[in-house]
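Next, two complexes with subunit A in common: one pairs it with subunit B, the other with subunit C.
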Partner chain A sequence: MLNRINALFMLAVGIVMALVWPAMAQDKPRSGGELIFAVPSEPPSYDAHQEETFGVIHPVAPHYNTLLRTDPTDKTGTKPVGDLAESWTISSDQKTYTFKLRSGVKFHDGSDMTSKDVKASYDKIMKPPAGVKSLRAASYGAVESVETPDAHTIVFKLKWPESSFLLNLASPWNFIYKADILAKDPHWYEKNIMGTGPFLFVEHVRGSHWVGKKNPNYWDKGKPYLDSYRALFIKSSSAQVAAVRGERAHIQFRGFTPADRDSLVKALGNKITVQESPWDCVLMVNMHHDKKPFDDKRVRRALTLALDRYTASKNLSRIAIVQDVAGIQVPGTPWATPPEDLEKLAGYGRDINASRAEARKLLKEAGVPEGFSFTFKNRGVPQPYEPVGIWLIDQWKQIGLNVKQEIVEASAFHSMLKRGDFEVSMDFQCGFIVEPDLDIARFLAVSDANYGKHKDKVMDELYLKQARATSPEERKKYLRQFEKRLLDEEVHVFYTLQWHRIIPHNAKVRGWMVTPSHYLNQQLDTVWLAQ
Partner chain B sequence: MSELVVGLEVPSRGSRLRAACGDFIRRRPLGAIGAAVILLMFAAALTAPLISPYDPVQVHFAAMLAPPSAEHWLGTDSFGRDVLSRLIYGSQTALIVGFGASLLGATIGALIGVASAYFGGRIDLLLQRFMDVLLSFPLIILALALVAILGNSIPNLIVAIMIPMVPRCALVIRSSALSIREMPYVDAARAAGFTHSRIILRHMLPNVMATYLVMLTAFLGQAILLEASLSFLGLGVQEPLPAWGLMLRGAAVEFAETAPWMAIFPGVAISLAVFAFNLFGDSLRDALDPRLRTQ
Partner chain C sequence: MGAYLIKRFFLMFPTLLGVALVTFLLIRVIPGDVVELRYSGDRGSVSQEVIDKERARVGLDQPVWKQLATWLVGLAKLDFGTSMWTGAPIWEEIELRFALSLQVAVMATVIAVLLALPLGVLAALKQDTWVDYVIRIFSIAGLAVPSFWLGIVFILVLLVFFQWLPPMVYTPFWQNPWENMAQLIWPALAVGYRYSAVSTRMTRSAMLEVLREDYIRTAKAKGLWQSLVLRRHALKNAMLPVMTVVGVEFAFLIGGLVVTEQVFNLNGLGLLFVQAVAHRDYTLLQALVMLVAGIFIFMNFLLDVAFAWLDPRVRYA
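Let's turn to the complex of A and B:
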């Protein structure tokens, strides 16, 4: 009897192994192959320190390393891990960060990478020489000095503790360049590639493609898995979808629309894997504080109270790249607003009838008549601006407002905002890492992005307090206060829905995880192609 | 005697119009079909609030992308808005922009054409060269450029579509007016000391009316098509206003496979309207052209 049970058990194990083995084998990274991906934008220059488009990151990042990076297996994209840094320590006053660099790291020309190169790169980012542009210099205002006690140690000393400092060092823009080259010509990296990354540069044919091949001397032994990658520059979204559908491209890393996803899944079935994530991009509504009646916070509050965000979340996500109802941080990330706190904010309540009744009352109190008309300026970009704009106008109609939409051409939109030539306007924010310091600095009174011209010292103080908080609990407390003031008490601006990132890709692509940022996880060292 | 009086009775204006209409229908059945479609469009535009089953701008998420059914005869769009209601209201936009642009374009063109022919000489030369400059731009490119400069409100759209029509009308009207200029009654008016404006407006313009009407109807179809094209390109009427060209863009393209009704019905409406105006315009030209009147 026992033998029979043993035999049956062994048989069952055998069957399970037979079924599971191929899948297990598929989950083990395999070397070889060429990853082909579509890029909807092209790099204006190759120097990430001065650029802001993913059109640089997607084709160029695989040639470089950064000091830190975000953990490629972390779906929130908020956990810093070492890239060129092997380890680090933080002083008890949180003002000194000491990084130990990996040894044996070589540039593609065979020279050693040392702390001198990291320092030179950060010097260029933080204090660029005259005539050299650095887009993110302001993010490192807290840095007092950068020291290199030895070839494999670099020390950042801060003037004050800064909660976001580690994630700032994991910025995907902060490629580490070679110090000698920078010393000779700080513009050299605008047109040339020389990094320590997993792929060597092969060619860039403008308007066509970018090719990289495996770095055989990469410091992370065994990686990268791919023999090469090829980025195809394809602007038209329908052509990108057609490339994935026709298996001429494995993936497009920025994102597709829900309709594109559905059509790809329908056409390719199990040949397609769909990864989705809340996106660190959001459309918000700006109201000009110098223009009546939007100088009255009751009117601004009424506009946000009119929005039925939860119903829209369910339905707009079928036609547009938006989904989650969120506060000032991407849902599911460390500093995101808990749902119970979110529901207490104006316009986030579950009872839309009560919200709209309050909105009508506020408008009446503010002397805004029924049928009051204003122009809402929207950006001339189909996704998700158009559908969200139509939804907003419909929602405002529900509280008796008659809103006319004016579409401003995408290239003219930013200058329209800067001129303050609007009563109510769409605005947008896209971050490269989900981190409050990076995401909410735009709401400071002195910010260039304060298009509505609000002046709020309380909010400015709360920003500083959260940025310099030394414990997560303290920081969360200040962030929630900041958020309440911004979105509920003063309603300087308000959020619509969080963007939603949808990446339908060829099921052969493994080792890549979607995050809330289309700038992260683009080194491609962990990516491999299944057979 | 009384029998003779009855025999000479002049028919009333109503019965003359009825007879003319009957004659037009018999002789030009295609034009009559065009006229019927145009009348239907007018009726739909005028009675839109009465005949539209739903509010054309109201979002109904529960009915998103619904196929044609008893509830929504032509289905719904990606916001659950009734396609039929948006088509009906869209006819208002098409007619306002179409009529506004072609009426203005043809009238200004006619005035310039007649004045150019009447004055002749340097004025004629200058006006015609200016018309040549305008004519050197393709219709859609000029309209696109004007909308980009002026902005995309309905009045600006009318102006942008109207301007490229002016030189086309001016050239045709000028050629008709050139022969009228030499007529004895124009000479008589000059000799009687009438002002230039009186001669142009009272004596010359009424005599190019047939050409003007033909140009007007021909422009109507073009203007509707141009408005739809500009709206499709995102430079015309803006959401949530219902307009046929606008209904063809965005989600209608994205959901062309799963919800084809979003694109088919506005497309049919545009084609039908343009076809109707062209048919009617052609027949009107035939009816008003003395050389073709007997055919």
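Let's turn to the complex of A and C:
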């Protein structure tokens, strides 16, 4: 009897294993294959230290490592982990960061990577030599010195504690270059590749494609899983969708529209996997503080009070790449505004009728007549500018404003903002990591991106306090004060809806996780292709 | 004839100079410049200091007359400089795309001529019969349907019915003829159809005009075979306007397939043109305009030579 029970049990286990095994096998990384992805932009140069477009990161990042990176399994993209750094310690005054580097890391030419290379790379980023650009040097203003006590240790000493410092070291832009090459020619990396990353450079045909192949001597043994990758430069969004649908490309890492997602899912069914995330990009509304009546904060407040963000979130997300109602940080990330706090800000209340009644009252108090006209300048880019622009105009109409939209060609938009040639204008921002210092520095009075020309010392002070806070609780407190001042009390600018990142990709692609940033998780060392 | 050709040849240069001046000045009227665009990407918050330094590096801080003088001197030496966006030599940027654009233009021209000549002649010979009507409908449809739309239809049909999409990376013909044709035949067909429509209509009307000439009647009266009358007397004379259309269309195809190249993701000159405008890459844009203008002017010169060869009235005028 016991034997019969044992036999039945073994049979049951066998059946379960037979059913589960293929799925389990599919979840175990498999080596081989070529990942093909579409990139809607192209690298102007190969030197990420001096570039701004994801068109550099997507094809070039797999050739490099950074000192830290964000955890590729963290959906918020905000958790720093070691890349070339094996471990690190932070002093109790939070002003000294000591990193222990991995041993046995080699550049693609076979030479050893040491702390000298990390220091040379950071020197180039923080204090570029004459004639060399570095776009993110300002993010390292707190650094007093970088020291290399031995070949595998690097120490950053700061002038003051900086909350964002670790994440800034995980920046996907901060490729580690070879010191000897930089010493000979600091421009070399603009046109050449020499990193320690999981893939070796094969070729770049401008306007067409970029190819990398597996680095057989990669320090992280067993990785990368792919034999090679091929980035296809495809500008047209319909051609990108066709490429995924026709299985000429497995994925496009930046994002597709809801309509593209739906058409791909309809056409390919279970051959497509869809990953979605709030996107660290946002459209804001700028009001010029030197132009009447927008110099009056009651008018600015009325404009944000008119917006029914929650209804828009449901409706606009069907046709545009926007979705969440959010404050100054991406929902679901560590510094995001809790919903109960958010609802207390102007324009975020659940009772839209009450908000609009208050908006009308404020306009009346400010002497703005019913039917007042102004021009809203929008960027000539279909997604999501056009639908969001139309929505804004409709919302402002609800409080008796008559708004004319002027579409400014995308190439001319930034210069229009810088000239201050607007009354009310759309503005935009995309971050490479969700980190308050990076996302809200643009609101400082001295910022080059302060297009509305506001001057607010209180906000500048709050920014500094949050940036130098030594505990998360303290930082959160200052961030909420900053946010209230920016979006509610002074309404220097206001946010519309958070962008929403939609990545429908071939179901064979595994080991890649969507994050709020289209700059992260692009080393491709963890990515593999299922059979 | 020699004097005629020399005169036509030297007339090309003032035309090119005029194109150069107009191009240089017009593109500077468009707001924004390459530096601002490059650093106003996703964050849009690069410091003014970085922007000013970069502007100085690419020479945009110089007075316009000085920029023009530098460019014209380079042009005289056939040195187009480097792309303001990528920093790569302009010749390199163009060379990469030229082979593809030229191949599509040649293939589309072959398709167009192979369709247009027989159809145009047949329509003229069978004027006002059902054959003529069918050919006219076919050619009017070709004129009415934009080639990029036809391209989209091709892609959809291939995707929906055959679950197949043309390759997205250009492979030169001598490396892999099958892969090359699999990619380029579709845009060539889409463009060639519209191109053939124009040429068919031109062939038909030219043939109709020639067939009514006295010398055709005389040739027929002499008892010459119909095919001989057609080939030797009618077609040769009807070819002059057709050649003009084919020549100008060919020149247009080299740099004008902007949308079709986008639809098929072809790395050609048309797409490069659009990128150069979008990036305000003045040096690249100037070089491209000069290249296309040069091709147009050279094609016109070749047509002049051909006319002189085919038509004694031009030769002896």
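Rule of thumb we're sticking to: the second predicted complex is superposed on the first by the 516 of 531 C-alpha atoms of A that agree within 3 Å, B and C clash if a C-alpha of one lies under 4 Å from a C-alpha of the other, contacts with A are read in each partner's own complex, and residues count from 1 in each chain.
The definition used in the following text is that contacts are C-beta pairs under 8 Å (C-beta built on N, C-alpha and C of every residue); 3 or more make two chains touch, one makes a residue touch a chain.
Being a predicted model, the structure only gives us computed values, none of them experimental.
> Between subunit B and subunit C, positioned on subunit A by superposition, is the outcome a clash or a fit?
Fit - subunit B and subunit C, as placed by superposing on subunit A, sit side by side.
> Of the two partner chains, subunit B (first) and subunit C (second), which one does A:L444 touch, if any: first, second, both, or neither?
It touches nothing on subunit B or subunit C.
> Which angle, in steps of 10°, is spanned at subunit A by subunit B and subunit C when each chain is reduced to its C-alpha centre?
Apex at subunit A; the opening toward subunit B and subunit C is 40 degrees.
> Which of the two partners, first being subunit B and second being subunit C, lies in contact with A:S236: first, second, both, or neither?
second
> So in the superposed three-chain picture, is A:I319 touching just subunit B, just subunit C, both, or none of them (first/second/both/neither)?
Touch partner of A:I319: subunit B, not subunit C.
> Can A:A259 be said to touch subunit B (first), subunit C (second), both, or neither?
first
> Is subunit A touched at more residues by subunit B or by subunit C?
C
> Is A:M513 contacted by the first partner subunit B, the second partner subunit C, both or neither?
A:M513: touches no partner chain.
> Applying the document's definition of touch, where does A:I90 land relative to subunit B and subunit C: first, second, both, or neither?
A:I90 sits against neither subunit B nor subunit C.
> Output check: A:R206 vs subunit B and subunit C. Expected answer is one of first, second, both, neither. What do you get?
In the superposed model, A:R206 contacts subunit C only, not subunit B.
> With the two structures placed on a shared chain A, what shortest C-alpha distance in Å links subunit B and subunit C?
Taking the overlay as described at the top, subunit B lies 7 Å from subunit C at its nearest C-alpha.
> For subunit A, what residues appear in both contact lists, the one with subunit B and the one with subunit C?
409
> In their shared complex, at which residues does subunit C touch subunit A?
The touching residues are 30-33, 36-48, 50, 53-54, 57, 85-88, 92-93, 96-97, 152, 155, 158-159, 163-165, 167-170, 262-265, 267, 271-272, 275, 278-280.
> So in the complex, the part of subunit A that touches subunit B is made up of which residues?
By the definition above, subunit A touches subunit B via 257, 259-260, 262-263, 311-312, 314-315, 318-319, 380, 382, 386-387, 389-391, 393-394, 397, 404-407, 409.
> For the complex, which residues does subunit A have touching subunit C?
44-45, 52-54, 131, 133, 135, 138, 190-191, 205-209, 232-236, 238-239, 242-243, 245-249, 267, 281, 409-418, 427-431, 441-442, 447-449
> Provide the residue numbers of subunit B that touch subunit A in the complex, in ascending order.
So the residues of subunit B in touch with subunit A come to 57-59, 61, 64-65, 78-79, 148, 151-153, 234, 238-240, 250-251, 254-255, 257-258.
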